[in-house]
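See below for the structure under consideration.
A, B, C and D label the chains in the order they appear, each numbered from 1.
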Amino acid sequence: MNTIGRYFRVTTWGESHGPAVGAVVDGCPSNLEISADDIQMQLNRRRPGQSSVTTARAEEDMVEVLSGVFDGKTLGTPISMMVRNRDADSSKYREFVKKPRPGHADLTWRAKFGHFDFRGGGRASARETVGRVCGGAVAKKLLEKFGIECIAYTKQVGNIVSNESLDHMMKGVGDLIESNPVRALDIELARQMEEEIHKAKAEGDSVGGVVELVGLNLPACLGEPVFGKISSDLAAAMASIPAVKGVEFGLGFKAASKWGSQVNDTFILSNGKVATETNNCGGMLGGITDGMPLVLRVAFKPTASISKKQKTVDLASMKEANLVIAGRHDPCVVPRAVPVVEAMANIVIADHMIVSGKIPRNLG
Amino acid sequence: MNTIGRYFRVTTWGESHGPAVGAVVDGCPSNLEISADDIQMQLNRRRPGQSSVTTARAEEDMVEVLSGVFDGKTLGTPISMMVRNRDADSSKYREFVKKPRPGHADLTWRAKFGHFDFRGGGRASARETVGRVCGGAVAKKLLEKFGIECIAYTKQVGNIVSNESLDHMMKGVGDLIESNPVRALDIELARQMEEEIHKAKAEGDSVGGVVELVGLNLPACLGEPVFGKISSDLAAAMASIPAVKGVEFGLGFKAASKWGSQVNDTFILSNGKVATETNNCGGMLGGITDGMPLVLRVAFKPTASISKKQKTVDLASMKEANLVIAGRHDPCVVPRAVPVVEAMANIVIADHMIVSGKIPRNLG
Amino acid sequence: MNTIGRYFRVTTWGESHGPAVGAVVDGCPSNLEISADDIQMQLNRRRPGQSSVTTARAEEDMVEVLSGVFDGKTLGTPISMMVRNRDADSSKYREFVKKPRPGHADLTWRAKFGHFDFRGGGRASARETVGRVCGGAVAKKLLEKFGIECIAYTKQVGNIVSNESLDHMMKGVGDLIESNPVRALDIELARQMEEEIHKAKAEGDSVGGVVELVGLNLPACLGEPVFGKISSDLAAAMASIPAVKGVEFGLGFKAASKWGSQVNDTFILSNGKVATETNNCGGMLGGITDGMPLVLRVAFKPTASISKKQKTVDLASMKEANLVIAGRHDPCVVPRAVPVVEAMANIVIADHMIVSGKIPRNLG
Amino acid sequence: MNTIGRYFRVTTWGESHGPAVGAVVDGCPSNLEISADDIQMQLNRRRPGQSSVTTARAEEDMVEVLSGVFDGKTLGTPISMMVRNRDADSSKYREFVKKPRPGHADLTWRAKFGHFDFRGGGRASARETVGRVCGGAVAKKLLEKFGIECIAYTKQVGNIVSNESLDHMMKGVGDLIESNPVRALDIELARQMEEEIHKAKAEGDSVGGVVELVGLNLPACLGEPVFGKISSDLAAAMASIPAVKGVEFGLGFKAASKWGSQVNDTFILSNGKVATETNNCGGMLGGITDGMPLVLRVAFKPTASISKKQKTVDLASMKEANLVIAGRHDPCVVPRAVPVVEAMANIVIADHMIVSGKIPRNLG
């Protein structure tokens, strides 16, 4: 099951140290202007080695568009995109074949498939998200044409939590987010988050965090009750990202401790239109967008690969053993997860825009 | 999109005050012993009017099995189940046509479909979950044959949170949960939760809460990376339940504030088998079950229908107006949501058991 | 797999002698005016006991609409329809449990499911098509709004083949087709076909035939290459009808013996628009409609239930045995298959109209 | 919709003169031994320029396997395969932008998508079948492990029809079929078919034909009534192949002119097992395989590209015009369609083997 979407469908493929990774986007309307640069720009945001808070591994990740685009515009046919993997040294991963890494999917993949590409984590590696970002970049380009923008940022790293209101969420804020290595909204907090990451890194450890995503200018009708609610599809999309442990909308888990009179978003008139006074529901009622900003948060656990000594089991001898994971890993996945969360949101929203008939099949 | 599942597919249908509600289960293996009683038992747990913490509306909700079962065993053909709606007085709902209720889906459904069955909330009513419980009852019966059990309970009501470990999660605990009206695990806390609900009710208000679900005896291989991870499918299933604002697995959002060395579940030997020392991941690694108990939590907002005066907009005059919702409503949806959360988990797990080849097509 | 369609999805359910048969239509746009009568009218065309060329069994087949319609218009929610089965004497079918009927699915269903509802053929009975006709009636009503009409008629019974051109295929021809019991276009040939059926019936035998379907006023853009071509979806839909042995489009198998210069439909100007001089392609090029009438033919084998003595195997003794099937059966399925072929075509075309964006989600 | 299959899913992509064509196979069980050679072998059978009856264009069509295989065995992850297109001269196709070719999809694709890759027919080119053959080669390799073989051959070219019984359909007959350029079963008829093709070619014309496919050793249980019958899925798969105008099973359209007593396959004992005396049903009853050989036929129209002068419309001037198509084209698509028909059958059967639980998810 490597395909997501009903109409705008993204299929990703590829193992971390195999020949390449990529994606096929099927169902993108025709006549969308798009270039390899549009995809490359998003891949660059995901790329390792960007800053001191990401892994020092350098990957170039150049995308090649193999089909579906002609004369600078989509054909309505599948858009196949490929990123070659660079030659990597897989030798250090061989140890994990018999000593599974805590927090990693080594064992469950083996239980399921029997045969596992141990090199770099194979398909269970976060490198798999390259395909997601390729697909998301096409979706983003499509949504831009309809004035829709999804902006994600780092809301929390460890215990550093930013609580700014979303009032300044507007076009342009993306530059602010990209201006600091953790991709936070608040520059002062960004520095604290960076420190928290460096502290974990210095101890050979890692730290978790939360990404918040805001969707702007969505029409009030996206979502297909009762099993194709846009909240459902977003929850699934986010939960499919590696390391995700939770998804919440609007007030989220905080709503559980409150009373109805505190949570209900009362309807008001705003510029002659019905709006809600608050946005505790996160822009969705009954699983359908209500025209207010869509708000969701995604919780990421700390990177499983840490260099501290950990306990594990030696599968060859069936004895408990110790394990030290060498190599360079992101001490915190959150900054690089920001473009992945955006990609997934863009894919889901593009899909719903088409299913709802808000985007025609042919944009020409 | 009223169908959930890849192979074990449940389609629900019906409006709150229409002739009936129901479900069609397609893809259930043949030769499963099942009777209408098996379904009725679950419907009884969902039924309104059970106790002082649920709505006082009395509904009988008798299921009729219309197809798919012959001689007490499934045929491998679609299982069609129907519950007639009782005659209901829809007149009080007419006001909401022009005065949308805060926190409800009245407006978004109208924006989407243009035509809306205002009576009792139509398809946006929680009565829609009758079909889910019917489908879930079939899934539960199927999973029982393979030793799998999903147990949900009320973890939180308002600010009352139970933090018991899951060590006593075992067969039989279901009776304890059913023994108190809020469906909590801890009888003392149950009483406090009950009080909290009565307090909200007395003020014409409502209160939110959290349901925790534990899945026992799942084999270590369920989940289809990368877009059919069982975590993904569970997140979608839970987020599709009315009033849900968040879903989390294992440590959930708490993992975001921790370091890797605190979160990684180290592998140990337990009775000669590889297990994890802790279960912070909630029984899933890389979106595949690992053989440990599956643990997830679902956050419910407070019931949107409260009898306190609320602000809204009169759509006829396009002026702001006040609204008082009369009638009997659950002051807290959580106790009755417990069997719905179980139903959705059972459906998702049954589907994955079949897709993974762990349940054959013919049980004979 | 009892669901057909991508967006306009029809799920059918029910066994021949079970409590009921029915269908759930999901994805029908909202605000379509429809009543139970619209569905009943199509069921009446499928009903047994209509004439001397159909089975003498009388079935009333009254439809009940259980959801999805309010105030005479669709809600955009699932439309659940049910037809109760009349009490039937299932005793004569008990023999077939050990003596499988040649040409029937008794044995293959048993091999697959292990458990089989022998009564009246269970779900393998042609009674299953009641649900198809219910779903097709909704699709027909939807297409009517957009000027699209699908007309099927009996093209061949045994060796009697009608070869009229389709020039008189126009609105109103439906009445002519319904005016004769075999549902032929040519009244003189209709009489010969009727005789052929009576001849077979008199000998305790049955006879096959061909239904031709013509789709009028389809826009030139329906079809989703390469695996969702409308020809592909129509072929699947037709091949799913009981007793079907072949499907062909336009010239069909005759095209295999011809040269390109004979088959290519040259483009001409017709009233200032591009059209084709001939329609050998049957209104589809590259699996996409071209604006010319859609033409397809479906081959039906003779009814498998004949009262002549036949050889079979006694599964109890594992010895070869004889079998005589008593009871009343259609000596030729073709006349009653005409509305079923129409139903399937309407379902597929409605689905493609929505997928192509030619029918909006909300008709209001 | 460029994906086929429920569990074993093949997505194809690519335009004729774009950078590459390819396929992604998702859902193939893990631990299947496979190499690029297995795929290359099937591509070689599809390759142009093989003989005097195919186009003289020479294409190398070397496949590269980009993911899903490690250490010579499948991983259970998507298998991505790519074939680079050679530089082609697209200039001669520019004329068809304003003068659509009769029998081609130029106009319908433009009506649908607005933007069309005219070069070599774009995605509407038969070059699209490269991806199908890649996917089919994986399916074939999988089915081989379970003793299943699909053998296709040229049954008819123009008026030359071979009527041999299928008694000599057995392992090894494939070599006989590959020994003659038209891929017929009967060497004498093969020569006549070859002549027929040369005759058409000499006149700048083309000729149609029929491919028959026989499936050997299928278990008696494949097919998912009522909308996932294996006959339905095969019909859809075959109808999706370019130039196909009809599909029939067993007796096919001939059954329409016969009586039940002539068509019913009576059950007999054969080596102590129940079998059928004849195989008029083509190995399927009620859409489920019955253990006898699966038999289907596919009708192909003559190649649309002929060099004879044809009428068309000049879309620039909106005047009727003449068109002469230069270049080298297959005078008969049938010989090269043989491996494509096999590929589609292998894909459908592999999918049903997995869905039916006859092939496990992990072959290790």
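Keep in mind that, in the parts below, a residue touches a chain if its C-beta (ideal position, glycine included) is under 8 Å from a C-beta of that chain, and two chains touch if they have at least 3 such contacts.
All values reported here derive from a predicted model rather than from experimental measurement.
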* Give the chains in contact with both chain B and chain C, ordered by label. => A, D
* What's the chain with its C-alpha centre farthest out from chain B? -> D
* Separation of mean Cα positions, chain D and chain C [Å, integer] -> 27
* To do: Go ahead and note the Å separation of the Cα centroids belonging to chain A and chain D.
  => 39
* Asked: Between chain B and chain D, what's the gap in Å when you average each chain's C-alpha atoms?
  -> 46
* Structure fact -> Note: chain D residues in touch with at least two other chains are 1-3, 12, 77, 112, 123, 225, 356, 361
* For the chain A and chain C complex, residues of the former touching the latter -> 7, 77, 225, 355-357, 360-361
* Structure fact -> The chain A residues in contact with chain D across the complex are 1-3, 9, 11-15, 18-22, 24, 26-27, 30-31, 64-68, 70-71, 73-80, 82, 112-117, 119, 122-123, 361-364
* Asked: Taking the complex as given, what residues does chain B use to touch chain A?
  -> 1-4, 6, 12, 100, 102-105, 107-109, 111-112, 123-124, 128, 156, 158-159, 200, 205-210, 220-221, 223-229, 231-240, 242, 244-253, 255-269, 272, 274, 276-277, 280-282, 284-291, 299-306, 308, 310-313, 315, 318-320, 356
